[in-house]
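These notes open a run of structures that come right after.
There are two complexes below, and they share chain A, which is joined by chain B in the first and by chain C in the second.
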Partner chain A sequence: MADKNIAKYSGHQHFRHRLVLSFLSGKPVLIDGIRSEDKNPGLRDYEVNVLRLLEKITNGTVIEIGYTGTSILLRPGVISGGNVTHDCPLSRSIGYFLEPVIMLAPFAKKPLHLTIRGITTDDRDLSVDTLRTVTLPHLEPFGISDGLELKIKKRGAAPLGGGEVHFLCPVVKQVKTLNFVDPGRIKRIRGIAHAVRVSPQISNRMIDTSRSILNRFIPDLYLISDVYKGEDSGKSPGYALSLVAESTTGALHCSEAVSVPGGVPEDVAIAASRSLLARIKRGGCVDRQHQILVLLMMVLGSEDIGRCRMGEPTERTVQFLRDVRDFFGTSFNIRPAEPSNPDCDEQIFSCLGTGYVNANRTLG
Partner chain B sequence: MNLTTMTSTKQHDEAALLAILQAHGQQFAEAFGDTSFVQGSSKKRKLDPETELKPDEDTDSESDDEWEGFSNDDDSVGNSEEGEEIDNDEFSSETVVRVKQPETIVFGEPRSTNVSGRMSKQQVKAFMSSKVTKLRHDDVARNPSSVEVGDDDEEQEEEERTNLQNDALLHKLIHTQLLSARSSDASLKPAERKRVVQGRILELAAGAKLGSGEKSVKLEEQKRASKKIRLGLERKASEREAQTLEQAKNLGNYHSSIKHLFGAQSKGQPDRRKRDKGLKMGVGRFAGGVLKLSKKDFSSEAGHSRSKARKGNGKGKR
Partner chain C sequence: ASKAASAFDSHVGRKRRKNWVSLIYSSPLTPTQIVSGADSARDGDDDDASDDELFKIKRPATLDSDEQWDMSKDAPDDVKSDRWEDEEFLDSFRRLFITGGSSSGQ
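Right, the complex of A and B next:
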């Protein structure tokens, strides 16, 4: 038991990415002081659920939760993959639980086939549409593409959920080095407007409104209405619009907006469209929600310098970079992308990959 | 200069400026073919072209870029409160009662639901597919109506499509019709299943008669076995045949017309009389340093058709 090697942290923030780093590096992690001053101290139900999910997809993991519930020690095991089924609580959507899984699944022993049930779309986390059209394509430049699938079997809106999603991920030996410094110009915008347990005209209204805002900027704009009916539509009514903009070099920007009770679909569409335009304006090759995923893959790349151009890092990203230095010893070199241009606040992140090789995978 | 004259001069100047503005507005309106713009009316008239020039709003879409006439700061969408009552306009002393056209805003007009009809079906399927690799394949270049695709590429694409279609069809046929039901039987051991499938494929490819594909595969396998095992298997098979024949006779199922079913069953392949020994010559037999040719060898030529009954072909003697 190497006590020197345990990474120690406090607080409930940045919970998931610390667990992921622990699994990938093999270093145990101790997190204490989880909401110790709060009225409801200790881990929340969705955090415990994430631990349970990670336990299911790994083998030999030991999780010790202190008896007050405010501290946890994770001794990571081997990421095994395989066929896993999981039910999520209704406090967070499926995106919250899938994000750490997406970071771990390519390094499993066997290809992962995860069936996960819960709320598919809500306003706090990425919806399953965004995961499919934006998050998973971010794995393609790293060599993880063949066999990567996200099937949306049923949709489920908050608060009652009822959605089901199948996630299939192949296994790779090593992740490729990324060199993505040219954001390019936006060449097309795609969108998915979906509505469950409401009139299908609502998705058409959202599409019309969004079109009227975005049409003047780009001709290649197609919005698709995705209506699920009957059993596959979950237990609660709701609708949402998710938009993806793709550039000439393959950079993706996304935005989404979810219905609120008492709102109109036009408002949802306006919010989503404006948010997309704001994010495009911010620029970069990777958008803010996916900074952590891309930076993690860069760290795990082959022993070569990887480069990526992004906008300003978020707080979560900054803490993630600090934690990466604790776990892997890798630090990033961040310099402005255009030093001559003071208005541009994009930065180039470069690092030396650790040459992580997936030793778990079964050959043949 | 007292106050009144000052104001009147000011009014005069501004009236001139406004006249210029008015003329400009009239020109603009006429560019749209709108000749209803009446010259010389009050300044409030200039608010009217606004309602005519502004596009009909079906939904509350933004129209920031549209030219919306000269005036207003409070350019509200509804525009209905746009006053009849702006006669406290300080520039003109005359108040003209104007009848403004009420602006109609239509909500929720049933639009065509086929908004994604501009995307070809292939593109929609590619974008909505669950496989991430297919997501970016809905390029416009794949759209057959695109001009950029050259003829050569189109032909290759066509060919590829037919090849792919053929592959798909073949796969479908193999797994639904062509293979026997036994091949999907789960209780078979993998080696047995392999034999079944191989036999069926032989039958399909005309390498064996229908029904005897599996047998010929089995025979091929047995040939590789060592002599002892091969002979043992053959002996056992003949014993089994004899047993079935006896049983059939006992039960009364036997009849001379179906003798061939019970008899020494012919092997799946043409029977070779003998294992070929040694090195073969084109004709004759070579033994002891001498090539021995028989009359048959002389008479036989390459053009002659061979029949199984013909003896002594090649190597006559045993």
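Right, the complex of A and C next:
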């Protein structure tokens, strides 16, 4: 294949979304300079592992890793789906590995049934609770909902993990165009508190504290304590609180806080609750951490103008928008949502969908 | 006169606001610089200081501890500050909830 058809990048940042874009566009990607200045150069174990996972859910993918591990060339194959089992290393939580899979799975040949094991909640990546209650609902407006499911079979806190999650994803022919510009107002807040291998009373302490902060804003506040016992609670002790706020138009905002050694559950609850309020305040129709997912689906949408109102783009989003242009040639128009209101940082993102059709899907 | 003043205000407001399209697609700034609002003018500063040295340190060796992680969660919001105890601050976003009434802004 001609050299000009390869997308080239440098550095280890934004690794996963570049792989995803490569698979979806069919364009090979070359990434070099991966931590070449570092004392410990090259790919990390979790990056190699995510490559291995993507190799499992695809067919015909060729991955060449350079001798020093500081460069990789990926020639994407067909996204195949099917039944897959995967073990994650303990350096990152399941969220890190599941995120690129969620972006690819709807465009597979067969519905994906992924069994994935590892750490279910940590402070770097989206926890399985957030993935279930926030990430998957973000796909619904695009017509990906029937049979979309995440089952938390076992929990596993850091550092030893031991959790297990089942991810089921249907295949779609084409995604719908998004037109989501009314953020609405927050009508309810839901939360899940869980505590594994520690006193179950900790969940209740988190719920009480969180309730005392959030109740002044909304009466429709329902926080549950999710109990996992014995084998199902993993190998390490830990607890966390994840919250999600839903607006009248279905906009979701989420936050989460995880236990730290020597901390108290009240601090975890305060961090999660205040963080949720801070994110509601930033506004928009889409949770900050899900900007990339929504923008990707907008790019893949039918050949029509998709529009979405969001808060200010994050650093990841900025780079993602640049990379999308490299792979698909799509650039977004971004303009202030309320030009007359100088205090409003929200933006309207709009783009023309590429009319991506899932050619892998088996007919009938 | 008041019309002119309001036109001026809106113009100033527009000036202050970032033009995301040109920042993202036609500026050489890194995403970090764009989001934090740093301007490109500051880049050249420390170049002349090391001019007379034979070897230049390209970049301080990055330690493992301060490596930038490719992570999906946002940096934690500032949840420790005193403003969270401030009733007025808390009330300032009541309008975002259905219970907030339509008095402010709407």
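Quick notes on this structure:
Heads up, the rule we're going with is that the second predicted complex is superposed on the first by the 364 of 364 C-alpha atoms of A that agree within 3 Å, B and C clash if a C-alpha of one lies under 4 Å from a C-alpha of the other, contacts with A are read in each partner's own complex, and residues count from 1 in each chain.
As a convention for this text, contacts are C-beta pairs under 8 Å (C-beta built on N, C-alpha and C of every residue); 3 or more make two chains touch, one makes a residue touch a chain.
Because the structure is a prediction, the values reported are computed rather than measured.
Chain B and chain C, once both complexes are superposed via chain A, fit side by side.
Working from the superposition on chain A, the chain A vertex angle toward chain B and chain C, CA centres, sits at 130° in steps of 10.
Looking at the shared chain after the overlay, A:L160 reaches neither chain B nor chain C. Contact with neither chain B nor chain C is seen for A:I63 once the two complexes are overlaid on the shared chain. Of the two partner chains, chain B is the only one touched by A:D226; chain C is not.
When the shared chain is aligned, no partner comes close enough to touch A:A7: not chain B, not chain C. Chain A is touched at more residues by one of its partners, and among chain B and chain C that partner is C.
With both structures placed on the common chain, the touch criterion links A:R211 to chain B but leaves chain C unconnected.
Of the two partner chains, chain B is the only one that A:L136 touches; chain C does not reach it.
With both structures placed on the common chain, the touch criterion links A:R288 to chain C but leaves chain B unconnected. Residue contacts after overlaying the shared chain place A:E315 against chain C, while chain B stays out of touching range. The superposed three-chain arrangement places the nearest Cα atoms of chain B and chain C 6 Å from each other. Residues 216 of chain A touch chain B in one complex and chain C in the other.
Residues 59-62, 65, 108, 110-111, 113, 115-116, 118-119, 123-124, 127-128, 130-133, 135-136, 140 of chain B are the ones that touch chain A when the two sit in their complex.
Remark: chain A residues 132-133, 136-137, 139-140, 145-146, 148-152, 166, 188, 190, 192, 200-201, 204-205, 207-209, 211-213, 216, 220, 222-226, 246, 250, 266 touch chain B in the complex.
The touching residues of chain C, when paired with chain A in their complex, are 9-10, 13-14, 16-17, 20-21, 23-25, 31-32, 34-35, 58-59, 61-64, 67-74, 76-79, 84, 90, 93-100. In the complex of the two chains, the chain A residues touching chain C come out as 12-16, 35, 37-40, 95-96, 99, 123-126, 185-187, 216-219, 248, 255-257, 270-271, 274-275, 277-281, 283, 288-289, 312-316, 318-319, 321-322, 325, 331-336, 339-340, 342, 347.
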